[in-house]
């Protein structure tokens, strides 16, 4: 596969700036080869929506400057829309069960929650922290939202123990169900 | 700016599946214009690292299947759970017969599919949509399923039209029976 | 392919999740096409599996038994062409063949899906949370809204118990089903099978015995005098109604 395609794939997948040295090492190429690939890629991307931006040490894939007004408008409208019923349910599960993993949220809701969680993260309603014990993320309610809700102690939440019990019971049962699949 | 570039920019920025209806509304285009833009974009992306995945309702930008080994090497030995025989059967039914109700899936498989459907929903491989006409749910495939199968459209699956035609014959017969009731 | 490819009574019946899967396996094992003849020829084996499942109280047995009823109709009709089926029964037989053919296509395409699933995946970009702090609340971000949201979550949790109950409700036992069929055939032929359900008789024996009688009948060996020698099965045949074309 051409190096420019490899570099594009990496930058697209990571969707964050990548160190040139890391890229060179990953693909086993030298600086000259990377430079050529970058030049080819820059040229190829010109007719599309993305651009390769380059600093001394890093490269990154971004949307073209011409798209900036449209992207900004999208960002605003995205935040203007409400989180919806699914968003509220996900938020409520985190509120009552935090810290909680995505897998647990998914199992309780019975659907995949990854895009909803992203939306809640983008809005600053929840936080995502790495859990070293199981090499995954835990989700919690953001400090700002806790303050907004006026919650200081979880036990003050309406029906806290009743709801916690119901969810815990389900979790025990769910483990049995999962095995049968 | 050409519509295909706008669509690419949106998909790149969102990095998640987008509903076709939302895209059309956002750019003030009709279905035919979107179809054309999708076709142009798909063609243009072929020489690069990304691909446009398409279901009946959604589109998404993802990495090309050829990049799979490189990306998988970067993802720390993530467990690749098999879909299992029951899962694969249920997915096949939905893939070839979508949109389809649970009752119809149960009937084709001859067993209750609610647990397996829940499992597939949790994994994000299928979607569940409310069908107003009969006040129940319909199941459809997700872009995530196509990404796991490494095809940008279900028509690219091996023997797709052969299988679809074979099943179509039964459906025609079934319709005649239904009318007689 | 299945560990139970060799049929005997110690097979692991739980290999089959559904009745169509079992039936198709039996037909294909004999390298037969799907039609009334092949279905009739695998009925005994199917019944044996299902009676085993019933004894072991395996899940989904109800669905297996429902299908067994249709299968026995196919078998009975093939052995006793004089047996008149209702339109509904004819439809259910045609339906079974069609469902089996359809299931066969689905099962084969599922194998393709399973083999390519995850072999060359395409990946969406990794998600990077925004670095610029944003805090946007909406109408849902109140204690009241979140409380009603969590209650709706709890209401929607799957209830395993209710589902199990619903399944038990549709369960009819193999014996009930056999009895019904036997009555049907008796009526249709003016033949009476009696003492078929001798108290000590095992289910398996009853089913096998019942089908054996049908086989005998089909082969034209079923004469009253012969049959009367079996003390546990007594069959009365109205001579005037004896089918003459055997």
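Read from first to last, the chains carry the letters A, B and C; within each, the first residue is number 1.
What we mean here is this: contacts are C-beta pairs under 8 Å (C-beta built on N, C-alpha and C of every residue); 3 or more make two chains touch, one makes a residue touch a chain.
Note that this is a predicted model, so its numbers are computed, not measured.
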Central subunit by CA centre of mass proxy: B
Centroid-based (C-alpha) most distant chain relative to chain C: A
Rounded Å distance between chain A and chain B, as computed from the means of their C-alpha atoms: 22
Between chain C and chain A, distance of the C-alpha-averaged centres to the nearest whole Å: 46
Whole-Å separation of chain centres (CA-atom averages), chain B against chain C: 32
Shared-contact residues (touching 2 or more other chains) in chain B: 15-16, 61, 63-64, 66-67, 71, 84, 86, 118
Per-residue multi-chain contacts in chain C, two or more chains: 123, 125, 127, 158
List of chain A residues in touch with chain C within their complex: 12-16, 79, 82-85, 87-89, 91-93, 95-96, 108-110, 114, 118, 121-125, 128, 142, 144-145, 148-151, 157-159, 163, 166-167, 170, 173, 177
Interfacial residue positions of chain C with respect to chain A in the complex: 123, 125-130, 133-143, 145-147, 149-154, 156-158, 160
Chain B-touching residues of chain A, taken from the complex the two chains share: 1, 5-6, 8-10, 12-13, 15, 44-45, 47-50, 61, 63-64, 66-67, 70-71, 74, 106-107, 110-112, 114-115, 118, 135, 177-178, 180-181
Residues on chain C engaged by chain B in the complex (per definition of touch): 17-21, 60, 63, 67, 91, 98-99, 101-103, 105-107, 109-114, 116-125, 127, 158, 163, 167
